Structure formats: structure tokens, C-alpha cells
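Take a look at the structures listed below.
What follows is a pair of complexes built around chain A, which joins chain B in one and chain C in the other.
Here is the complex of A and B:
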């Protein structure tokens, strides 16, 4: 966390390279670094903490859970067809006798990996393209703005669905690339806007006049100054990528068999949800809880990283008032 | 102002055309309707495959196919499906089905979303605010295909406990329903409640979050204090000056929200067995039918275009600065 520098355009904190903003209560003995301040603010947000624990728990469960269960996703229990949850199969079984816990964990694995990869790729792309477009302006910039506009009219869901026959039967990693290819544009536009203001700042100009090449200025001075935004964005993107993937998979336009994701499980079992609810409720529950946790963490990070965030300020004001009283 | 609206309209028309062209090209390039045909059992004779190729203009380059198709669209002919049925015959009914769902869903969503956001902002950090926040966080993390299925299960439960089918969640009318127009209206309403709820709930959650923060910004502003100082009651100041200003940034969201709504509508239509445009898109892509896919894309683009333009009108109506320029 200590790599985070102060935001370039954040009101009030301009200038100081490190050290806490004035509204942080100084603690004796320890120097208040920005990293520590962010950590303290984040820890104070109970929902975000719960979210973080849930996310970590789910990643752990998706990969360790199947090892602890005696049933595997590719074996069938011929003594239990469509059984509701009981001690032998804690999530019940489906119509061919597959253990729902094993299936759900396998789906969870795929969905979580896809979410993480898409978020990493798309945020990296957003940082590079947005910063380059804002720094160089010109044709690349025009093209970026135009593509973002176009995406408002043509939802990415539609494009990926149309392209789905093309990656049917190929690796699921193609789906990751497709999802990432359509998720970076709006962030890139925000990054571009921030680059436009950062470009005029003294330290960037100084680096420029010292003869630093443009790509070094972008990598060393511009992108690190947007670390907060990018971290928040990457977090939120994990959630939206999982939602996009499950949505596509629901219709069979996303993850293809033999791979299983939460989306294919939900889509395959939605029809029988009213009669065999456990087939639907477990994968759906994991999906909703995961996305909810990601949103909480994203919210907590935004409050903790963004010094202009009103909620933290108000709370801190309240705290100081209480202390004064 | 007329110039501003006209400029925007031209911009949107160009975007819609490009979006449709893109969708048509992507679909033509990835879809393989002949392959689908050849997989039939028994395989159709080579002569009929050749005839099909000619019918679908597969012997022409893609841009030429688009020009042919677009030329038909201008004259009100949207081409034929792979099964050789004219698209225009079905189009009107499907648009009617979809728009009934979308317009009702978005109207309820905007109305209650704005209301919930305003109440949430005015009663910030009170119980109702926390409740609304939690409600929208959970709803925003629940994809439509989970929410729709859950509502279906809920409706089933309500029907079971009452003993009659009050809430019907399959189809948009009862097939072969006899009765006067009033009974017809009642029948449609029974079908409408659950799917509309599935669309509206997500919209309410989405808009209420933005409305809350935009209202909070306005609540702290000087002009609101001035309005009360000159003798307006708080209620009057809040709604006449506060809400109006807080609605301005929302106008853009309404346009952006429509794209999301159409994607959400696709799931809703599939879950509840409504044969609208969203259902058609899924059928079209599954059958690898370019004409259907392009038609639905055009519909989506026109919807987004229209709502975007409406947002501009709203923008101009709410913000006098735009009207003057």
C-alpha cells in the first residue's frame, strides 16, 4: 500500500509528496504515512472489512473446498438423483446425481478466475490507453472518445453475444480477452481526463524538460499518480466482469461446456428453480454474495483512498467533534 | 436551443448507423448459417444449400450485403430470417411487447429511484437512509437473471398461499383468452406485474444511488440556504430549487440507463417467456441469423438514440445555461 502517492488533482493535498493530510489525528511514536492512513480508514469501514473477508474466503473455498469434499464434479452418485441438501450431499444433487457442492465450487473457480483476469487486463489497458491518449492527444484520443460513445449505443453484451459462435469450442481464455476488450473504455476516459490535468503539473513538466522520454513520464509520473483510481477500478471491475461473464454464460454465449461457471449453472437450472430450488439457489447465492462483497470493498477503498470523499470527512468531523466535547 | 438539439440528433443518427453496421458486419463474419443447415439430419441436398446461400446473399461481400439490407430497411423491409419468414411481419408485435415492458419498467424505476434517492439524501445517516443503501447495494449486486427467477419463486409462493393464480409469470397474455376489453386488460396486468418488477427494482436501486449523491451535493449549496432565508418553506426550497438542480446530472444517466435496460430486458423476456425483441436477439444469435441480429441491434440503437436525445431535451429544459447557448 505504501506505493500510493498523493493524487495529483485531489483538492487540498497538492504539493506534499508524503505525509498525512491535515485531518488525520497524529499518533505519538509512529509517523503517519499515507499507506497507514488509508489502512486505518479502510479498517474503520466494517462493511468493507466483511466484504474483504468474504472475497478471500470465497477464493480459498473455490480452490480448497473441492479437495475436502469426497464428491467430484465428474462423478455421479447413482443412489441420489435430484435430492435436496442432506448430510451426504450438503448442496443436494442434480438430475444425473452429480454433487451440487462440487459443481458449484467448480463454477465458482471459473467465474472468480475470469473476474480477476478480466479486471487486471482491462484496468491495465485503461491505464495505458487512457494515459497515452491524454498525453499525446491527437488521433488516438479522438478514436478513444468515439469508441466510448459507440459503446453506449452498442452494449458490449450484444457484441460478445454476436461473436460467441466464433469462440465456441475454443479456450475460455478467449472469453476473458473479449470481456476485457470491452471493459476498459469508460475507465480509460476517466484516466484520460486525469492525465490532461496531470500533464500540466510542475513535476511532469520538469521531467519533460529534463529530457525524459514520454513513455517513461507516463510510467513513472502519470500512472502512479492515479494509483487510487486504478485500484478502485480494478476492484469494481472484478465484480462487473463476473456479472458480465455469468450473464453471457446464462444464455450459453459465454463459458462453454465442458467448462462450468456460475452463469452456466444458474442458466441451466433457472427453469427448474420453482420445483428444485437448491439447484438454482446455491450458485445464485454465491454469485450475489461475491458481487456484493466486491462492491462493499470497492466502496470502502473509495472512501479510504479518496481524500475528497465526503463520507469519511463527515465521519472524521463527527469524530473530532465527539472528541472535543 | 433548436440548433443544439438538431446537432445532437445528427450525432445520434450517425452513431446508430455505425452501431448497426458494426453489428451486421460482426454477425456476418462470425455466423455460419450454412454450417447449421448442414448439420441437420438428414442433411439437405447440395442444390438447396446453394439456393440458401444465394437467398442469404452469402455470395456477396459483407459491405454489399449491408447496403442491400439497409436499402430494404429504408423502405420498411427488414429482410427474411433463415427460415425464410419476413422479419417485418413479426417486428411490430415484438416491439410492442418489449416497449410495454421497458417503458413501464423505466418509468417506475426513474420515479421511485429519484424519490428514494431524495428521501435518502434528506434523511442522511438515519435508519431509512441506511436501509435504502443496503437495499440498493443488494439489488445492484443481484443480476436480473437471478432476481427474475427469485421473483418467479416468490410469485409461485404467493399463488400457492392464496390458492389461485393471481400473479402469472409465463407469457404476456393467456393464450386463447376470451372476454371484453376490461377482462383483457386485467389478464395483461396479471402477466405484467412480476416481469415489470424484475426490471424496475434494479433501475430503482441504480438511480437512487446517483440521485442520493447528487442531492447531497445540492443540499450543502448556498442557493438552497438563500432560498430558505428569503422565506421559502424547507419543502418548497428542496423541491423547487434543490431537486431541480439535482436532476440535471441525472439526465445523462437516464440515457445511459436505457442501454442497460435493454440488456436486462433480454433476460427478463427469456425468463418470463415474453416474445419480445430481447428474446428474438437470443433466438437470432443461437440460429446464427444475421438479419434478426442486425434488426434487434438497430432497435436497441434507435432506443438508446431516442432516450439520449430525450435526455438532451430534458437537460435543456432543466438547465437554463444550455438553452441560452
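Here is the complex of A and C:
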């Protein structure tokens, strides 16, 4: 199964069509649309499915877990201070006797939502703004890039810090929006650059000449061809959003006590990592597993979307150009 | 090196008898993910001093790899066995330092892409001087002087000045000349030219071939010319070797191979080339299938799966190269050579007979006289200019590029108009103007009677249904992330076809272009260039258009695959009554497919008319030069032909010459008396009728036979 077609192979006669299809349709004869094919390819990727199950499991745990526990994150057990895990408190307790399981679950609720939403919003925003600026150019490009540059030079941390008291008590969604608003600019610039090159490709022109409206060209041809970049960007953003929120919380903005997030738990208990490890290890462990799972899903999605990905193990290092010659 | 007369000294070493290059049983293989790629499998050939050997084959046949092996330029991962003897000296096994003494000094190479063969940061003169300094102990001044002489020799005007120019200031043809100058700088004994003309325009191609001939004359070197185009080598090479799947499948004298090819693959290659000199409809032979994968070749003849003459015996063992027709020179690797010899027909005609190619029927609509047919596309004095701006903050307009300077033509129902010209003449701009359907800067575009300056968004959208496009590069024209199904369905989705209708029509279109509907769920990356071009055509036909704009649809394809696509286009035209606007720089393809042809030069149409009339009795000097530059795949004819060589390159469209735009390169203009020359300089020639459906824009138009 060799699908090695590189730019050097002008006529494209080598390599191709020598074997069977890379993805034989499970139901032969029925043509598939992109969506279905991507789904099938994604489902084949075991690691990505594991990642997906882990994320869903964490959600379930974070929201159902506290209901099953008799402890709540804002009540204390005055008979147990700094106890290591035992049957009563399965994750142990902290120094004022709060149940660590309840705390971790509460933190997980916050962090799961903040991490995923911020990544989703900021990457979507980057894709839309970057692609629109690159595709339309002219005034739209000037205006959008001006906004991007402006946000890049503004110290985001300071602004969120200043605004934080104002949205204290208001919806957590505002915090998500603020975090997202300061994460998308650099990606947007990269996306714009990639759009400029993609725009000149003939398949984009072909779509234009068949009457496809601009917004559909962007959605159907331009953004999917940048999927690898966007997915990697989104997976990185999940982690950094959780950490950014930690940073804010550390300074007393963002999630406020007695409410907790994974970030505040990790930040607050980091110094106890060696002395009372359960205070640190449980929240940190959940964060690691969460980011790892997101990465697996992201990888799976990228492979599913990328038609050239064959996931063949490399035996010998080789230069594809030699083969084409 | 005291006189400028001194050009090429006699070889310093004693002249070695026998061949310059003797390759025996050469094997080259590379490691890859799916096993070893055996790129060259047992190749033997020799080149005598002063001889030109042509190596022909499709991409992936191992022709480049074998010559890189001679140069010792293969990567270290390649495994090379066999023997390469250069003037009796074994090259395999020598280390890089030893080879470096031979490379560039005794053996030199001309690469395909002249842009990447020159370093962009050094001047051309310095680079040529460097080639001399590396191998000879001469002073820098002497080397620089020699570089200028060499540039002069390869026909670069004003060589002293141009030696100080950087590669980007040279045009493609001039760069290739500079590369050739570098190749002959040290008076080599062997020149290897790897597709030296593929990246160039036809007129420049003729110049470069001529130059290689000159280079061979002055150096007395043997030349190995590698090409995929049998036409290029017909008049130039002495002997020919056809390669397939890493082996030589036929070799012999040029005349013998062209007239009595004895291997079906050679026959197929010959039959697949559209001929410039064949007036009546010629049947093109497509070679079906793909070259085999070089990792796991089956037993037996590697060509067997694509061969029309295949018998069971072909699958048992790979046939060796055997002498045919009792000639020592001519050898072919086929077990049925005698049967091929038994057919009466010669060359390409035998191919048509054996491969069973057919000429597509005339479309129904073609029987109606042209005047009575509906005009599908009309261009009236179309103008497109680009401003040249300078300055960063305050943009000033410092000039205008007159990309298209008032062109008019029309295409009627069921008709093919070929639009030809060198690169930079405004073909693509014209095409984009037509496809954009915006109000032109000047003139008028009308599609099916609707003027583009008067349409609104809705009407424009409706017109797009009747007009579709096929692009040149099949790699870039399909979205790599969409399945073939989605690709072909896209235009129908845009124009609001129902799901059921799309699901019914997509497999139908696949069958129409000769592909299997089972492949619909694959991605474009899994198809070959020819198949992808078919998919592009299927997409273009999805909306049942009346006009298909074809932008060099076959120029990125191998010849054998090109023939299949051309046949498909002709068949579709007659079946569906389509009109084509066929943009190409290959005049032989245009002769084959077009009904009418328009020749463009610097944004103007200088000759237009019925294809046979224009090709057989060209009136404009430029058309004559273009036609004479196209090689004909027939060595006898090719040697007799007189070639009109155009001097120089296309002038800049930002500053076109006054009067007749062609006059700066015109051989006719140069031969005229001064008072008539003045007319060329002062008055722009109008397009005048020369014969029935034949117009040309020249003050002194006269017929000149060039085929």
C-alpha cells in the first residue's frame, strides 16, 4: 500500500493506484461523503476512542461523583485533617478537613468546561478570522489584522485582572470568553498566511468558478485543508487554558474560593507535593489524564481528516524523492 | 588562454579508443517503506565520442536515476552494482573526491530546471567562472574572461554586461543557456542532459536544442539526452534507448526505432504522440494502465499488463534484449518481435493497428454550417491591464502591464478553439477574465448571448452552470481532503441538485470518463495524474455545460496518458456536443483536437482561423516560427526541416514595441527594406482576412510552408 505522491512527481504516475484503496468502503458500491468517511476512519483509531471515552468518563465522574459522595467541597470534616486516603475519604483530606475527592471533582467540573470551551472558541475564532482576512483581503483583511495586532500588544493578563472584579459573581462563561479572547491571535495570523497560499490553489479557483459562495469555500475547502494545524492548536489550547485560569486564580481572580478549579488545587497544594502527596497528586493526575486524552482525540481526528496519513510504521528512513526519480 | 580565439583545446589526455561511456549491467535500488525500489535493473549501454544517445521513457522508468548513477550523484542509501566505465575507467566504487575530479571536468550535466540549477545569490558570470576555477589553475581574471566568451558562445547577447546579472534577471531560456555554458566550460567528453527542454517554451526549446548541437560540435563530446518526448530527440539523437520499469526495452538507431519499432511499448509511445504534420484526424494510441510499481515486480515482462499483444508466454519470464531484424544495432525485449515485424504498417500506423485506436466521430452539431450555430462564447476587444505600483506608503502608478490588449474571437456550439502562444502572452489572463465573469476593463465578454458587463450576481451564477473549467495541474485542482464523490458532487450541490439526483449522477459521470464508480470513496491522492485529470473532467461535466474551458489539460501528463485524456475529450465532445476553449502551448495537441486556432502574442491575437488552414498555410511570421519549432517525431522529416529560430525572448508586456508587437523578433521584418520596416514600426497591423475563415495581423503576410 504505497501512496507516495509528492510534489516532485509531476505526472503522478508512480506509486498511485498500485494497490487497493487505502480505505475500502465497508459497504461496497455506496459512495461515501467526507463526514462518514472521517467518522469511519476515526472509529478505527483505538487510541482516539480511548481518549474520547476517558474524556466522557471524566465528565460523568465530575458531575455524578459529588452526588454519590457524602462530602461536599464547601463542608469540612473536623475529625480528619490532612488524612491520607482511607475508606471514609477516598482521596484523603486537606488541612482544614475538606474531602479531597469532593474538591477534585468540583475542580474537574470547572476545568473540563473551561479547558474545552476556551480551546474550541479560540481555535474557531482564529480559523474564521484568519481565513476571512486571507480570503477576502482588502479592507476586511486590514480591519481584522488591526484587531489582531491590537489584542497582541495589549497585556491580556492585566486586562482580565482588571475586569475580574466586575464579573465576579456573574456567569463563569464570561471568564471562558475572556480567556478565549486572548488566545486566538497568533493562530489567526498563521491561518491567514496559510489561506493566502491555499487561495491560489486550483481547487479553490475551481470551486469559485462553479459558483460556490465565499463562505462555503472557506468552510469546505480552506479550513479543512488546515485541519492539522487547527487541531494541534486546539489541543495545546486546552492545556494552556487550564493553566491560564490557574494563573488568574492564583492571583485571586478567576475562580474564587471556596469554589475551586484543578488549577487552584494544583497551585495551592504544589508545596505539599512531597509531604502530603495526595493533596497534589489527585488534581494533577486528573489534569494530566485529561490533557493526554484530548491529545489522543486530536491526533485521531487529524489522522481521520488527513487522507495521506497511512500510519505505516517506518522500517527504513527514506527520501520520497528518490522513489519518484 | 591569451587569445579570445582559444575556445576548446584538444583533450589533455591521450584520446582513448572506444566508447566514452560504457555502462554494463547497472543495478540501482533504494530502500523504501514497502521494500526495495529497484529503479534500474540491468541496464547496459555505451556512448561513442561525438555521438548523441537519447534515453526515452515515462516518468519512473529509471532514466534519470541511471544517469545520476553515472555522475555519482545518487544518495548514499542507493545500492549500485554493475559497471560504469568512463573512458575505460571504472566509476563505481570511487570515492566522492575522485569523482569530483571527473564531474564537471570530463562529464557535465544539464538539469531540467534551469532556475534551481543556478545559485540565486551569485552572478551568472561568477558561477561559470567558478566551474572553470574548480578544475583548472587559471587566474580569476582569465576565468571571468572565459565565462564571458562562453556566454557569448551560447548566444547570450551583450555577454559582458549579462555576465554580471543574477539568475533571476535571466529568462528561463537564457538560464538554460547559462547552464549549458557552464556544462561546456571545461570541454567535457560527455554531457548528460536530463530533460533539458521540458521546462521551456517551444520556441526556446528549439533554440536550446540547437545550442546543444553546437555545444556537441565545439567540444566533440558524447551526449546523453534524457527525455519523455519522442519528438524532441527525433532530429537530434543518433541512437535511441527506450526504457521501461528500469530496463532498456528497445535500442537502436533513431531511424530504425521510429520506422520499425519492435517492442509494443515503443509502438505505443510513438502512436500516442499527436503529430503536427498529420492533417486528417489521427487516431491516438493510449497505453492503458500504469507503469508497474518497482518494489515487487511480477515475473515475466513488466509491460505485459498494459500490452495489447500479451500472450500467456509473456508472464513466464522477462524477455532479454535480443537483436531484431538481423541488425546488430537494433535490439528489443519482446518475444513477439517477429509478429510486429510482419505487419505492413510502419511506426505510428502499426501502433494504431496493434493497439486498435479509433478516431472519435464528428459531433452531430458539426454538420450544421458554422455560421448557423449559436455563439457560445464571444470576446469583443477584451482588454486587461495591471498597474505597476511603487512605494510602500504612497503607492504611485509607474507603469501598466498590458496583459491582454484587445482580443476578439468567438466559439460556436460544438466547436473547439485552440488558444496558443508562449508563456507570458496573456493566455491565462484571458482565461481568468472569461471565468471571472466580471465587467472587463475594456471590451465585452458574452457567454451564450449574455454580456458579462450587464449581469448581476444571480445571472452570473446561472451562467456558471453552462461554463466549466478543467485545470492544468491535476495534483492541485482537486481538494486533497475531499473524496472523489464529494469532488464531483460539489458543483451539483452548489446548483441545488437533489441528493438522489446527485447520487445517481456521480457514478454515471465516473463511468463517462472511464473510471470505476467503486473508487468513489477514495481520496484524490490515491489516483494517478491521468486518472485525476479524468476526475477533473467529470467534475467539469457534472452540470452539463455547453462550454468547457480547458487550461493546458494534458501538459502535466506523460505522453502515453496524455493520449488517453485527449481521446476522452474528443469522445465527450462528440457525445455531448460540447464547445471547448482549449488553451495550450503544445501546437501538436491543438492540431489534433481543435477545429479553429488562435495564436496569441503579447496580448494580441495575431492569427486566427480554421486549424488546417493555419497549420498548412500560416500567414504570420510568428505562427510560422512557432510551427517550425515543434519537433516532429520522424527523424527523416525532422532532419530535412528548416527551422526558423526566433531570437531572444518575449518582450515585457509592460513596455510592448510600437507598431507591430512582434517586429523585434521578426525574421521577416529584418529582411525588409527600410521603408517597409518603417511601416512595421509605426503602424499596428490590423487583423485582415487572408482566406476563408483565416485572419492574420501582418502587413506583409505571406504563406510559408514550415511542416
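Simple rule for what comes next: the second predicted complex is superposed on the first by the 171 of 325 C-alpha atoms of A that agree within 3 Å, B and C clash if a C-alpha of one lies under 4 Å from a C-alpha of the other, contacts with A are read in each partner's own complex, and residues count from 1 in each chain.
One rule holds in what follows: a residue touches a chain if its C-beta (ideal position, glycine included) is under 8 Å from a C-beta of that chain, and two chains touch if they have at least 3 such contacts.
Source: prediction; values computed, not measured.
K.L.:
With both complexes overlaid on chain A, does A:243 touch chain B (first), chain C (second), both or neither?
P.N.:
Only chain B is touched by A:243; chain C is not.
K.L.:
Does the superposition put A:162 against chain B (first), chain C (second), both, or neither?
P.N.:
first
K.L.:
Touching A:292, do we find chain B (first), chain C (second), both, or neither?
P.N.:
The first partner, chain B, only.
K.L.:
With both structures placed on chain A, which of the two partners, chain B or chain C, ends up touching more residues of chain A?
P.N.:
C
K.L.:
Name the contact category of A:210: first (chain B only), second (chain C only), both, or neither.
P.N.:
So A:210 only meets chain C here.
K.L.:
Who does A:153 touch here: chain B (first), chain C (second), both, or neither?
P.N.:
So A:153 only meets chain B here.
K.L.:
Scan A:284 for contacts with chain B and chain C and give back first, second, both or neither.
P.N.:
First partner only, chain B.
K.L.:
Report for A:37: first if it touches chain B alone, second if chain C alone, otherwise both or neither.
P.N.:
second
K.L.:
With the two complexes superposed on chain A, say which partner A:273 touches: chain B (first), chain C (second), both, or neither.
P.N.:
A:273 contacts chain B only, not chain C.
K.L.:
Which part of chain B faces chain A closely enough to touch in the complex?
P.N.:
On the chain B side, the touching residues are 12, 15-16, 18-19, 22-23, 26-27, 30-32, 137-138, 140-143, 145-146, 149-150, 152-153, 156, 216, 255-256, 259-260, 262-263, 266-267, 270-271, 281-282, 285-286, 288, 293, 297, 300-301, 304-305, 308.
K.L.:
Show me the residue ranges of chain A that touch chain C in the complex, using the header's touch definition.
P.N.:
Going by the criterion above, the answer is residues 1-5, 7, 9-18, 21-23, 25, 28-29, 31-34, 37, 201-203, 205-207, 209-212, 216, 220-221, 224-225, 227, 305-308, 312, 314-319, 322-325.
K.L.:
Across the complex, what residues on chain C touch chain A?
P.N.:
Spelled out, the residues of chain C in touch with chain A are 30-34, 37, 39, 58-60, 64-65, 68, 74-75, 77-78, 290-293, 295, 435, 460-461, 464-465, 467-469, 471-483, 485-486, 490-491, 494-495, 503, 506-507, 517-532, 536, 539, 543, 556-558, 561.
K.L.:
Which residues of chain A touch chain B once you look at their complex with the stated criterion?
P.N.:
On the chain A side, the touching residues are 149-150, 152-155, 157-159, 161-166, 239, 243, 246-247, 250-253, 266-267, 270, 273-274, 277, 280, 284, 287-288, 291-292, 294-296, 310.
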